[in-house]
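First chain A sits with chain B, and in the next complex the same chain sits with chain C.
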Partner chain A sequence: MGRRRAWLVIAAPAVVLFLAFWLLPMVKLAGIGAATSQGMDASAYWLVVTQPRYWQSLINTVALSLGATLATLVIALPVSRFLARHPDFPGRRVLMSLLLFPLAFPGVVVGFLVILATGRQGVLNTLSKALSGEPVVLAYGMAGLFIGYLYFLLPRTIGVLMAAVEGIDKHWLEAAQTLGASPWRRFVDIELPALTGALTAAGAMCFATAMGAFGTVFTLGTRIDVLPITIYDEFTNYANLPVAAALSVVLGLATWAVLYLANSLAARTARGN
Partner chain B sequence: MTQPLTIRLDNCAKTWPDGTRALAPLDLSIHAGETLALLGPSGCGKTTLLRMICGLERADVGGRIHFGDDDVTQVAPEARGVGVVFQGYALFPNMNVAQNVGYGLKIRGVDAASRRRRVAEMLELVELEALAERRIDQLSGGQRQRVALARAIAIEPRVLLLDEPLTALDARLRQQLRVDLAKLLKTLGITCVIVTHDQEEAMMLGDRVAVMSAGRLEQLGAPETLYRAPASPFVADFLGTLCRLEGGEVTSRHGVESLTFRPHEVELAAPGQGLPARIQARFFLGSHIRFELALADGQRFTALAAPDAVWQPDDAVSVIIEQARVA
Partner chain C sequence: MRHSRCDTRLGLAATLAVAAFLIGPVLLSITAGVTRNYFVGLSSGLTLDWIAQVWDLYADTIWRSYGVALATLAITTTIGVPAAWVLTLFPGRLSRLLEELLTLPVAVPGLATALALIVSWGSVGWLRSSVLFIVIGHVLFTLPFMVRAVRAGMQGADLVVLDEAAATLGASRRRRFFDIIVPAARSGIVTGALTVVTLSIGEFNLTWLLHTPLTKTLPVGLADSYASMRLEVASAYTLVFLLMLLPLMVGLQWIAARSTRHGSLGLGAST
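What follows is the complex of A and B.
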């Protein structure tokens, strides 16, 4: 069994790394959450699921992330299809660079951009006041958050979906066409099934990114609490480590649960076809 | 089966957006129920012509396409009722064999029971009944080809178009499926256009063969006519080997500038009876022997002889060309 021993030797560093940097801190984090926090007789987990302030924040986060993910996919799909199917129209390269430009921005910059566009001194407000006299400010509410999330989710998603659309054999679509399928039927029967994997992967990436988004929300200073902000507050403002730890674990679990659900749904759709 | 249909192309040309000409203006009539083979090297415009017939490519302004009495020039591919087998087959990977074959019927709103019946009928026709539930990636190349064929004819098309249907298969399987396909096309009695770059395939499957080169129709006719009376050196050369000898001994002996002939039209004899030549190489091929020869002035040509021919490399022979054509 020299072969098996060799495997162990090769795998050992990876196992050590995994233990040291993933498992141990995770166990520690989960442990901290199980402790009772200042003057309460229940564990922080119990607190997190029973106190409206906390679970409201969880619901906000999941709802906002799901909404942003869906909106991103709905916007990115036609854009990606267009870009993938039109490899050389004038201005394509410039458009691509503009679309991908925000990729490197930290959340803080994205938040700032949203304020510039839709804040009190923003372009949108100035325009609407000039046109109708009514001020329109989106930056500090749900709409502002939503726009901010789209800002950093769209470029990533368009990249992934474009590659997937380019991978579709155009003869499949032509075959469907000669068999009598309208553009809509071709899209539903041939394209969507071929894109299910990419859409699921891109959606999962969007959702996980949105669940953990911090910088943008922090910059916008909204009244809406999302989990990363709540965790930050508990940690820095109240020094409530157990609750911060418990919320972190809940954030991880909620993200995992939604992704698991989406994956099994996608697998079932693929099989159903 | 529906009544077979005549296809008529009038003045159909194709120019790509960048200005290159894929197809020079062309008139072509395909008789009802016949199989027409479009034969030519790659890039000759044969696939473009096929795509124009099914509507995936539009002819330049002025071109007209008729199916029977219907002018289909402006009709979209989804409404033309044409069955197409694509090169590489383009089977839908998200559907199994039965779903692929039944897709066109599903689009047409055929109810599930009739659809099942028709799909079973089609799979029986191509001898794939046992594989109805298979995924596409579990099929061999030959099976895929038959699924693509079944899918194309399930919709009872008015016209059947096949784009290099056997090219993706290995040589032995290709031989077998060629015979099967010829039989099936005869059974169906449908008007059929088949694109191929393989002259043997074209001659076996086509009632008539249209030889194309560089976007033009070189010659159209029955395989035998094309072989025996090629209208141009290109056609002659594309349908089998064509040899050409000229000047010197050829002129003095035959009284012409040059001779063209096919390898089987050459008879080899002992020296002194015809053109003197020397054997360069000998290939035993079972049913015949292929000799590579050279005249004294170095001109080379090929001859086929019966398998009992005794000549060996370096032997001097004389060459009698039976049905020599004057080129």
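What follows is the complex of A and C.
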């Protein structure tokens, strides 16, 4: 054991870097949010929870993230089931690569792709004008942001759910089929319960990712009222560091808590109880 | 076992629709980047002029992004591989806590991390104006991916036993680390390296707050072009970026397909 302990020292650089450039700075940021300054009569945390414009922004962000998460799960589930159940058909490798390539796209690029598809000069607008004469522009508001969230959440979710579908014991499904259960019943009574853990974990990951997304909304337009934009505005345009700090800490804690719960849930599901 | 036909059809339709949704806009972007006039359409002819213009305007951001990515890779490898080995040696509660802590910069939005860095280190003038400030942010964001990939590569090889045997035979720690542990974790290190470079090249959320006018990286340039350039130039710039990502993603998928049953990739760019 003493021999093993001698190894500990080589993890020191990673720990020091983390402490010096992340943990201590975060503690300082949290402290800035708690201080009363600039003629404010309360700490920024108090302002953040009492002023409607901040919690309105928080509500918008939560609602949009929840909506995008649910839509992603509903769309990704049939895709993942199809891909997991058909392990070899011509072109599957290429299809998988195409579905996974967007994992590497940062939010700014996703925002630009949404503009190309649904912006003023987008395909959707061109098609709609040609078909019905009515312009359809979604990109620069909540609808565009929702589409952007779907765009970066779908590839992340499909991979997770595929692995979960592959993990379902086929004997259960075969037994149910032999006993005469319809496909729908097999799906509802066997597959869905088996996938609950993976769906929850994937959902939490989606929610946390959407809550903190900044690049996408930054490209689409900085007038969309979601929390990351509010933080950015408070910091750069109003030089209101305490409020920016308080909002960042609240947002950071919220996303971390959701992810932490999801990970422990996924770990418990993986252990099988 | 047979699947119901309706089920299969629905799955196929959903899969094709999602593929079209994900790839359609990419094709639009590629087309716009090589079309003489996107508003007129393809009939205006194809051209590489926009890409040339991107090169004139933004070549420095491309080189800087490669530089930042390589510096980030050098640091994450140097500190991440030893950290992964220590986590493998001590698979207890404390290790899980440490890994959880190192993952925090990924779990917490990049904006928060960037603000924290600025309030703590922004007053150090030479650092604030240096590209090193961005590298530090990228290291925080990518280190967990390196550690996770390397740990996955170290598992199953019974490295702990090998290491103790070599120690009993009198090999120094340095020799054991470089002659036993690093070679055994090779594929994990390669996966981690490709992931780190991919994420660093595309990192925007931290970089946007950490950069200065003299330290613009590629995604910062992209945001700039989306806001102020004509659509063709912005698309051509995006095309250049996609071409930079392509070999990295192909490499990652190639390794994933070789090492595991399902080719799921453990990365996600900052959104």
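Methods note: the second predicted complex is superposed on the first by the 226 of 273 C-alpha atoms of A that agree within 3 Å, B and C clash if a C-alpha of one lies under 4 Å from a C-alpha of the other, contacts with A are read in each partner's own complex, and residues count from 1 in each chain.
Quick note on the criterion: a residue touches a chain if its C-beta (ideal position, glycine included) is under 8 Å from a C-beta of that chain, and two chains touch if they have at least 3 such contacts.
The model shown is predicted, which means the values in this text are computed figures rather than measured ones.
Considered on the superposed chain A, chain B and chain C are sterically compatible, since they fit side by side. Legend: residue contacts after superposition of the two complexes on their common chain; A:174 is shown touching both chain B and chain C. Ranking chain B and chain C by residues of chain A touched puts C first.
Legend: residue contacts after superposition of the two complexes on their common chain; A:42 is shown touching neither chain B nor chain C. Once the two complexes are overlaid on the shared chain, A:29 sits against chain C while remaining clear of chain B. Once the two complexes are laid over each other on the shared chain, residue contacts for A:188 go to neither chain B nor chain C. In the superposition on chain A, A:123 makes contact with chain C only, not with chain B. Of all C-alpha pairs spanning chain B and chain C in the superposed arrangement, the closest lie 7 Å apart. Comparing which residues of chain A touch chain B with which touch chain C, the overlap comprises 174, 177. Taken together, the chain B residues at the contact with chain A in this complex read 54-56, 77-84, 86-88, 90-95, 103-104, 107-108, 151, 155. Within the complex, the chain A residues that touch chain C are 3-4, 6-8, 10-11, 13-15, 17-18, 21-26, 28-29, 32, 75-76, 78-79, 81-83, 85-86, 93, 95-117, 121, 123, 150-152, 154-156, 158-160, 162-163, 166, 170, 173-174, 177, 183, 187, 208-216, 218-219, 228, 231-232, 235, 241, 244-245, 248-249, 251-252, 255-256, 259-260.
Those residues of chain C lying in contact with chain A across their complex are 1, 3-4, 6-8, 10-12, 14-15, 18-19, 21-26, 28-29, 32, 38-39, 78-80, 82-83, 85-87, 89-90, 98, 100-102, 104-105, 107-113, 115-117, 119-121, 136, 139-140, 143, 147, 164, 167, 173, 177, 198-199, 202-205, 208-209, 219, 222-223, 226, 231, 234-235, 238, 241, 245, 248-250, 253, 257, 261-265, 267-271. The residues of chain A lying in touch with chain B in their complex are 169, 171-172, 174-182, 185, 189-190, 193-194, 270, 273.
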